[in-house]
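Chain nomenclature is as follows: A, B, C and D, assigned in order of appearance, with residue numbering initiated at 1 for each chain independently.
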């Protein structure tokens, strides 16, 4: 469990409503899927949609109902074995790449379980001491909303027939303002420092020293990436990290994931690429090689956060709701906003490591973030698949440098 | 296409009716499955049930309708890529272990395709020259009926919840008469030599010389296999072929597939094992080690066939319909029949190789059997999952020595 | 230990002399190698030359001296762990692919061990009851002479500098007489049936029935193989067994092992290929595909043996010493002899399986042959690297269908 | 090539002498090895001793002689292919795990090459503009001296006979003074800032902000590690990073590399472990788990460097020559010195990433450090195998978190 800023906790008012909204959104996201769509697993990194629906429910049932509601009996005592993700303290569990074997329980059984758990949760919203844990559960549910979308995209992509799970809607063209956010260097305060929920890995807030730098006000586009390819980017060893070069050649990589000729694969099937849209589905290795090719570099997580906090003297247009596409009831957003959030997660050159004095929480939820602090890189921002309000300036997403099935893109930086 | 005995071809009368019966049985076998059950693939050797439904339909559409019905247009020109199994002459196709990604087309779409193809087939039953090819298609459909059952069993087994696809029915106890079928040795005529359909690999009929031997009149039982285990069979190197010993230790094998304590996994979920039932789901390596432990050996395919043809002077009770469990409309059979067919396929110590003067057929269907003639062993008989009337004395089933997800068992032999 | 024909055993006279000659030849073969050459292991299938020198010595020390010489103490009690090859009954041993880590013991230490064992063996040649075991040891030593040559060839080939271990000598041109050995079909007696040593897998002698056939009087040549390549042989799926096609594509195979442009790698380094020389270093998959391309087939082991025994009414020129190149003191042999022995081992389409009533010997030497009877194919004849007098008509060499680092070639057959 | 501080370059005086000393030391280190010892490669991470001798020579020949000595002709034009390590700009090269196939060239040929290159280098020491590149070459030679020792240790360890390459000498007992080096926090200046050579990855020097902390004045001992094991450290998931837990279970790790019962493997063969000696040959995963178990943490690279620079107000006894064991002519050092250098490299919790404004050099030597900046962790200090004078406060060694064949150990830290 994250170490909440107890002094500034959100009141528990509205928690129940937010819970119900989040739970309904998860189900709405899965609604266009057939039961078969929701069952398949395309790779070890990804999970079936049905499993996501069940796993988040296991989280509520385990850490809230089982641990904090007197007399609560597990809905099905065999299910923790199949719906626990990686919590060693919660015992043995199904091998990760066997999640795709779970044709049972059925979607109907899982939806019944969800309804049962949702009802059972009702009395807990009144208990202020549980609010931090419920906030964690909400954030967790939102993370799996995004994973559900990126995982099913990967699964449908693996089907040679290229099926769609949504109709293509009318879309405005991308407009990204050019220019640079500049920072004079100096001491910046980073990490979670406001009221409201944050994951344990966002704290403690602390000071860091940054050198003068500039951060691009826009994301790298598909057009620029096509230029990189045309210039032999994927065949030029000197642009790449050694591990990246091994990955490119070992895996036969020559373009972002989901690209094929002038199209790319989307939730709406194969579609023409918009050259002005931000490139997505690139790995850290690719992002770094592109930056080298461009004569620039990736920002550190601290540089990115300093700009996001408006410490550069400009209006950084920090709107963490921008770009959020999940909630179809919200008004449509212009694509390519001036802010740092939305469209895609942005790789930083910062390894995902603990902040000074970081301590993971006690108990099983202490496994949430801390144990992943080796070998991964921090991403900042939010993507088109991130739940509205989920991210913030201190948010630290993290993936391995070869992974690219998330909506990952590139925002460049340079020294001043 | 196999080289049919054209002199003794079945008339084409009744072909249409047999076609419709076989096609209906395939669908009936899949009926208890949810769409998710029918979509998952548990290993590279196995295919999703839905894929089986589609693949056999592709076979009819390709080799009968496309090749022989003027003006026939493919139902969906993209589907051959995903439903061709291994016919190189028919072009590129989906990687074998990606069949489990085919959440689309849906079961409904596949059933519509099946109905379309079934209707289109009608005029072809009148054309005598197509009868051999239609017979091949029927045999092919029946083989996939068995695979559908063994593949879904494996998939449900991989689910830690151990789901069932059928209700357990009342079952009579196994009664296997003991004793030996003896053969004095000499020249035996083997291979397909009767009227009726046979695969190309069953011919040409030819003579072989066999030494005096005896073949057990019953199958090795679960009780005997438990004795083998209790006697340290899986830990005794001297009982095993070298490759088998590597397999046992590399894979951590210590019992037949699907065994766990006193239960085994079945289409009806986990069930108590009947000690008097034939052991099933063992590999060639295990069968050979067991025979060595028992001081006996496996028969050759020719010995088995010689007995099946009644050349031992006894009544070998050759009833190729015995043991067939697929057609629930047929009267229930006693389990553990005196014949050689039914319950399980029986490993022989004969490698799967061409008979003298064997030539595969011209064209794509020539890939049906001949190209698999390396590294595999011949199995004889039929299993509880084999379609009634599908097998015969000359039938040659074949699998690699480590495979055991079929209903494979052991019938012992000895020298006289 | 093989079941020798005790009635027709060679007297033990001359055994000691043959022992010393064989032991000296092994050392002479390794003499051109540096200690580093003799230490490296290029793949799991191959062993270092130094290991061969030691392993055969372990065989003598274990099965003769330890078991049969009163009071013999092991030279070094730690060495059986590293020089036992695959005898489970002799206990644990070093992983096969770690043999290349044995920089110690040194070559000098191993040669000292050899001399010690050779001296200790002296009294055993007088004991008639040990003669069969000593014959086995001699045959074993000869097999490892051939392996030493083929393994070091593979190791030197893996060195990009293409080093040689011998000077190229003057060589006569190949002359292979064309034509066919024909056989009218009928009962043939096969298996070991003469006086003298044979491995257990060559017996018992027994009768088989063969159909009328012809066996080529010559081997397939490099020129013919180049034609096969030029005709797209390696790109034509219909010529290949399914496993072979997977191997060709998975491994990127497009020519025999050791071919590069117009050269091939030899013990004398890279050399121009003689188009009239027999092709060597092909796998069973390649041999079978070539035969299919040529409209012919591979012989069975019984057909080959029947011809070798002169049962075809012609003079088959059975000279098992032909082609033997190891003993440089022997007069040079014409290359491309009319006989079936020499130049290269010849793949048959017979799987390596037990003969009727075959029983391996008791004890550890019973592991010599029998436990390898799955998944491999029989090769007949002898190669340029086989010790003179080592092979015979009933000899059964065996390898997996993808292996080709031995001197393996092709002799075609056809039905009559 | 690193960006040297040109203002403070060492004069080129003495370079020639230092070159000859370093070259001689490399050969002295390999002298106890047989040619077979020097040829084998135990794993992909390690290289044969002979290859190290050749590779460093390739470095001098390529980047100094070829590039800067008019008229120099390559000693053997085929050798760059086999002795280039990872310089993409220098063209194709042998696969890394095939270095163990290089039984040729012989050790004698390589020593001849070394002598030839050494002679040819003579005129270059007079050219001041080459001094930075020669310094790089010297540092490179020293790095491979350490690798030669750690790689051959691994190779000899893989031999079940446990051979030694040195005699065990008399050794003083370890004496490590306890206590903590404390630091009040604040701005520290880190990175290379003195006269003299440094690698490019040590710069530019820059300021960082550190929080108050303490660094242990001693290394974790074998005794403490044994306590960790006895307390179930390797079986307790909550102590481990997720990737580390996967590694421990996937590889079956239960102790430091080279431990077996109460002994550990050394260059002098298997020896009893001194409980008071620093633990060595642990991975980052193990170091991190141990720190967690101890209720402490690993230091950052900046904390370590700040203490090493004496910024803690104490006398940090910064003696970069301490612990250096390579030069046997130097007076023996007390073991377990109070300084931070010697005995073993110390893992930090800092990922190996570029410093602000870091730019790799132009040309092939720009591949020296920068392209490895993903997935690895920084180690500080020096080990018993590091050349005297090679390390310094700003030195950044780096390895992947699972690697442990170097002399890697643990120095703990804590927050104040």
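Keep in mind that, in the parts below, contacts are C-beta pairs under 8 Å (C-beta built on N, C-alpha and C of every residue); 3 or more make two chains touch, one makes a residue touch a chain.
Note that the coordinates shown come from a computational prediction; the quantities given were computed from them, not determined experimentally.
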item: Partner chains that chain A and chain B have in common; value: none
item: Farthest-lying chain, centroid of Cα atoms versus that of chain B; value: D
item: Interchain centroid distance [CA atoms averaged], chain B/chain C, Å; value: 38
item: Chain C-chain D separation of Cα centroids, rounded to whole Å; value: 47
item: For chain B paired with chain D, centre-to-centre distance based on mean C-alpha positions, whole Å; value: 60
item: Multi-partner residues of chain A (at least 2 other chains); value: none
item: All chain pairs that touch each other; value: A-B, A-D, B-C, C-D
item: In the complex, chain A residues that touch chain D; value: 86, 88-89, 187, 206-209, 211, 237-238, 240-245, 284-285, 288, 349-351, 353-354, 356-357, 366-367, 371-375, 377, 401, 415
item: Interface residues, chain D side, partner chain C - complex; value: 34-40, 42, 50, 78, 81-82, 94, 98, 100-107, 155-156, 158-161, 163
